[in-house]
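Next, two complexes with chain A in common: one pairs it with chain B, the other with chain C.
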Partner chain A sequence: MNRSWNFNRRSVLKGLGTSGALVAFANVMNPTLAFARQSGVLHVGLDGRDMGTLHPHVATAAQDTAVISSIFNGLVRYVPGKVSVEAIEPDLAESWTVSDDFKQYSFKLRHGVKWHKGYGEFTSEDVKFSLLNVRDSVQSTFRPIFSNIERIDTPDKYEVVIALKTPDPVFIAVVSGWQGGYVICKKAVEVLGDTYKNQPVGTGPFQFEEFRPKERVSLVANPDYYGGTPKLKRIIYSYIPDQTARRYAFVQQEIDIMKGAANEDWLSEVVNASKDKPLVDLLGPGRNVVIHLKRSVPPLDNLKIRLAIAHAINREDYQRFFGRVFEPNFGPIPLEYFGAIEPNEIPQNLLYKHDPDRARQLLAEAGFKDGLKLETVVSERGDYLGLAQIGKQQLSKVGIDLKLNVLDNASWVAAIIKEKKGSLVWSTAARYPSAETLIREFWICAADVTKPTGVQGFAEYCNAKLDTAYQTAIAAADPKERAKYFKQVQTILLEDMPSVTLGSLATPVLRQSYVDLGYQVKEGTTVLSLPYMYYFTEKTNV
Partner chain B sequence: MSRVIVARIVFMLAAIFVVLTALFFGIRLGVGDPTIAIQGTYATAESMQALREALGLDKPLWEQYLIYMAGLLRGDLGVSLQNGQPVLTQILAVVPYTLDLTVVGLLIGVVLGVPLGFVAAVRRNTKLDHVIRVMTLSGVSVPPFIMGYFLIIIFVIGLGLFPVAGGGELDEPLSRMRYLFLPGLSLGLIMTSYITRLARTTVLEILSKDFIRTAKAKGLDQRTILVHHVLRLSLVTIVTLVGLYATITIGSSVVIETVFSRPGVGRLIVGAVAQSDYMVVQGTIIFYAAFVGIVNLLVDLTYTIIDPRIRYE
Partner chain C sequence: MTAPDIVPDIPESTTNRRRRRLLVIVAFFRALPTMAKIGAAIVAVAIAVSVFSPALITHDPTEQSLIDRNQSFSAEHWFGTDRFGRDVYSRLVMGARYTLGLTVTSLLIAASIGTLIGLGAAYNRGGAFDSLVVWFVDIFMTFPTLILGVIIVAIFGQGLFNVGLAITIAFLPRIVRMARGVGMNVVGNEYVEAARAIGASTPRIIVIHLLPNILSEMAVISTLWLGTAIQVETNLSFLGLGVQPPMPSWGLMIREGLEELYINPWPSLLPVLAILITVIGLNMLADGSQDVLNPTTRER
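Moving on to the complex of A and B:
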């Protein structure tokens, strides 16, 4: 059989063209190219839409604090995975001493720590500048927490002495690596001015590389980090607000770590859909879930109505909805906080368990035998809306008809803070786990939102007896004494019931099994991490 | 002709000016205070006032307007209230991603839609026509995000072929194409449905014209009639409407960019609206208005090429 091969220019060109197109298509489709895990690069999927600010003294949003925690250091830090005064270890300060009256803290600083991007050596001047900035700057979000600082002296380059106005035995937690405690670079702030918030200069294991609006922030390893060169070359934090996209990206291992949804079914679905078994960690301290009952909205000024609402709440419903992420609680402060009142310490008459009959009886005693109607505003954000809808359902069972006006999150915040709208206000707050943080923000007289100093006192509550107990607690040096007065504050709150605490919500975070955080995290336990993202250290690796 | 183009550009600028002015005052009077969106629940009356002063929001509205317009004339779109970055830089950084998406979406739409519509019209009321019609009806009825998830389920979860979140690196063509495939296909399939339906209707209308009957009577073969008489004439209508669809593409791309967490002008505006970031909203609206204006101008000019009888005086 004769078989002839006719090659001409056209056929050769055609062949080349076709193979070129095939190779190009194969490359585009090549899964190994698409999702190859890049060695030394950690991909983190955040649920926020965009960066707000990377200035540690201003930032409060979770997507910002997550990034900040890798760039900055404090004088001291919590051992990764733990958050308590007992778990504090040296960071930028090598050692510290406290005066007997708890009014003076002296720090010896680490020598030879370098600021990122050639801004020179870290010294006591930076510490002074930083603490004064967080205490005095109008832009500083954390002014109230640092207002106790009276004077800062810097005897030499490596020594800082902080004098306090009133004794504070746990001040060391204030200057830890978190929020206002992060030390900022004096020289860089002077050079960069307002743009420091977009080009932060810190001393941490990773330095700022690039920000792409609404897309991502990337950090690169700081080769001069005092703890040694980090194992990771780069961390990329991507903004993936769409929960479904984040889930698929995680399942496909495009991202190594992601913020999860506070929903047990969702979490197990992601774990089951993933190839390698990823790990789910619950990051705490949990967000304290509270319904504040606005006093200025009648009949919420009536104690019986407030107690009826407390009795109408069934915490088991929340447990069913959120799963292990939710920890029910009857006291005002989460149980893992220092000074929290334990369930067995709450007097029986103040333990408002789920009791619809009692709730109806209280309503009748208050003159609302046939029930009552209330109206409030709520954020469309999934967690708030879920909480409010469950609450509405429970209240309706005792005859309280609550109308929910759903607003986008920004408008809701404006409505409750600026316009003082609403009647029942849901809040979820996580702070340094000691009772004073939540009491100061929500229940002392100065916190009342109707006052100029008011931050989150949505219940518009003020009781001089509570303020006195709170002041006595924070001035007490002996931890037992502090705890005793904090518990007294909580008993007063349970008597007056300005707000109903439901429990606390942890933040679920998922990590691929190949992520090595560089420190031990026991599966199934709550990992305490204030930025609500893992701390990435020089030892973290993928 | 050039006078017409100049007049159209002047008209476009005037339209942008009106849109922008309405937006400037509307958004400030309607949306409320962005300082709350920025500071969240930590906001106090004092800290909000400080931030308002720092952002220049304490000035009277007319003064803010004049400052903004003066900046605009210098090509300065202002600075994002949320992240402090210049608005123009942010838009320019994401425009290539949006252009990639819209161009690929439209291209797929035209390449698949015109022939499909043509075939459906010529084979009217046959099984093939019914299949095409049902498919295109589903295509226009399915919301863009469902289309996105549908493709994710097939290509990402099922076949593991493409990445799901992000836009790839602009300077790496392969990475850029890989991240473009699924969003481009989602948009392309939606556009295909629109364009198929449009092409079918247009061709059917032309087929019923007298001159087609005359052509048949003259004994011209089917192929000549379709290619020389029907196709050419139908393109005038199709190009006009495809031009209009380019603006629909922008609307769908907002959703698709969100589903695929892809950088782009759409995602920029959605984020800015959620965060009450006036500056970015204004900047992106100017971009959209200019885009729509330019597309319309190009469509008008294309007529004269396709149909030489059309003249602008």
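Moving on to the complex of A and C:
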């Protein structure tokens, strides 16, 4: 049989259209069953693309720290939902004592704690190995926090004595279960070597099971967990970077918990679209949203220009854009951080409220009556680009024409840190919620990006008076004294205005109504959780 | 444009060159199939919107009003507002200017340069210049247009001009190859031989004798590629490499609206529809034009 087939553009298009419609219809009628809800298995949707590393002393990415928090323990831990020195409770250490000069911390360790996968009993040798590993590791960005450790003694298997170089009244927070404070297994590191970062061995309620690149990490219950066998059989963390795809999976109940977008409208829509009414929690500590004004870019070296920019900012616009997720703030440190200056503590002359007329007046006084032009780089990441576009519009209303050069996020990070580019640099940083973390990273002289020690001092700012107040604060044992000097630092920052703080952004996380975290979280309130994910304990269940 | 069979007979005494050219165009459009006429109307509207966009917009397309964000269609905002409270209608209209203006200009430049290079290669068939052109074209043709565009933007940087440059360079090898192929058909004609015999220079032969004879085919092919060029521009802008925010382009509008697709789909959906309609219109016009100009299909 001789049959000829004639294809033309129209017939191919018709065919493709019909096939597309059939595929779409098939998908609607037969949703994927791969993620069907399973008893005892918790599905978590993370917003990252892939695992970076699960070594707790190196990992900084949120998608990694969320997983790590279920695998590892520290000597002490925070009560779930709280992060402060007052909320610390025993974990691998049963008790501890502090010397009167705050230079020696002694810990009594819990007996009978087992490492995952048969790596034996947890002992004081592991604590010593772990803390020295962070202090001396070139790979760990947390090493400055541990640099105060002078010596670690292990009188027996269940006792650790840490001697410090200088007094630190809040050192207990350093050895809490977070980042460098997580205790790693000496024997496992010796056996596994570099692969430890992908096959972590901890003491936590869940142990590492499997990693599928760009797909998921799964953990299984640790039957030997010192707190009792976990109720959950397994936790599966899936990498779903696209927030629309994540939303779809959550609404279909393919995932039980997910990171949400920092946008109240978006969150409301997800809640309304879901079958059972899911719960939304705003996790902190808040990301401090700041515009750093680079001093080496004229005329930003002029205080009047910096103050004009501060007066041009309307924080209400950001509230409208992000909703309840954003909390406006006039002081440099988020209000839930220890030592933050409250709005009523800021002197009236340093409270730079939205005042376009005053901004224009300051510009005129600085010799820019007809306005000025600035150019900067900004990340294409949604939250940064949103902040920058709103900022651009606000500045344009007072006569500042800001040109935005949009770069992909990795190129932008390289541009502002390595190449020192940009004039206005947006940062959204969250740290351990105490004022010293942000001050140390952004505003002390050593933080200046133009100096070898500098990493994030984008404003290229240095004031010896501020450094003195900061050093006095961190050496003070009395919390009231610490707070007093932290507030002095913030007053200096408001006077010099190297950076304009807009407010702080919480990290919204959604959970299905059937998820039992094992502890109470009051819905709608800001919950402090350092991994920006719930802590999953032996009591968590679905 | 040469389309002798579809042009009505015009007495020599009453015609002049300009009038005849106009009549050729009118006759050409009258000879188009109905679908192609619809396509031509769509393209005409898109171009008109692009040209007259400053007069057509109702709001400043970059002006934010965060108190009015994500509003639905209304008399004040015909197509609603986006997540920054910007007027979607005005952004769509101004986006046409950026998307169509950029692609048409870039393709026109690529077509002008590419046709001349292709004709030069055809005239020099088998010679050193021809070999060199074919070699370069073969190398560049191994890259899909979008990938080539991304590479060029990566080298020269983002922004309106560089995206235009990327589109021009991405389409240049395709136009060169097509012009060379079409040129091969006319380069052996007697009038070319005659021109050569009377001592005409190579540039003169190419510009005066060869170019007019392939212009219509190249115009149609370029129109067909305009749809692909629009896709390249929108893809580059969608990837964040093209038109920079807050200025609108259709690709950038789709990207910006994606984050709130479930809350307010229109800021993404409307530019998708605009691209879809424009590209379909261009394809319908190009298909019909081919049918009219191609002697084998014209008789059907």
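Brief remarks follow.
Just so it is clear, the second predicted complex is superposed on the first by the 506 of 542 C-alpha atoms of A that agree within 3 Å, B and C clash if a C-alpha of one lies under 4 Å from a C-alpha of the other, contacts with A are read in each partner's own complex, and residues count from 1 in each chain.
In this section, a residue touches a chain if its C-beta (ideal position, glycine included) is under 8 Å from a C-beta of that chain, and two chains touch if they have at least 3 such contacts.
Since the structure is predicted, the reported quantities are computational estimates derived from the model, not experimental observations.
After alignment on the shared chain A, the placement of chain B and chain C results in a side-by-side fit free of clashes. Contacts of A:413 after superposition: chain B is touched, whereas chain C is not reached.
Applying the stated contact rule after C-alpha superposition, one finds that A:229 touches neither chain B nor chain C.
Contact with neither chain B nor chain C is seen for A:95 once the two complexes are overlaid on the shared chain.
Of the two partner chains placed by the overlay, only chain C lies in contact with A:317; chain B stays clear of it. In the overlay built on the shared chain, the residue A:450 is in contact with neither chain B nor chain C. Once the two structures are superposed, chain B and chain C can be ranked by residues of chain A touched, with B on top.
In the superposed pair of complexes, A:244 makes contact with chain B and with chain C alike. Taking every C-alpha atom of chain B against every C-alpha atom of chain C, the smallest gap after superposition is 6 Å.
When the two complexes are laid over each other on chain A, chain A has residues 244, 273, 408 in contact with both chain B and chain C.
Residues of chain C touching chain A in their complex: 62-64, 66-67, 69-70, 83-84, 158, 240, 244-246, 258-263, 283, 287. Residue ranges on chain A touching chain B, taken from their complex, read 27-29, 31, 33-35, 45, 49-53, 60-61, 138-139, 141, 194-195, 197-198, 211-215, 238-242, 244-246, 248-249, 251-252, 254-255, 273, 408-411, 413-414, 417-418, 427, 429, 452-456.
Chain contact summary for the complex, chain B toward chain A: residues 31-34, 36-48, 50-51, 54, 80, 82-85, 90, 93-94, 149, 152, 156-157, 160-167, 174, 177-178, 181, 258-261, 263, 267-268, 271, 274-276. Across the interface of their complex, chain C is touched by residues 9-10, 243-244, 247, 261, 263, 265-266, 269-270, 273, 317, 320-321, 380, 382, 385-386, 389-390, 392-393, 404-408 of chain A.
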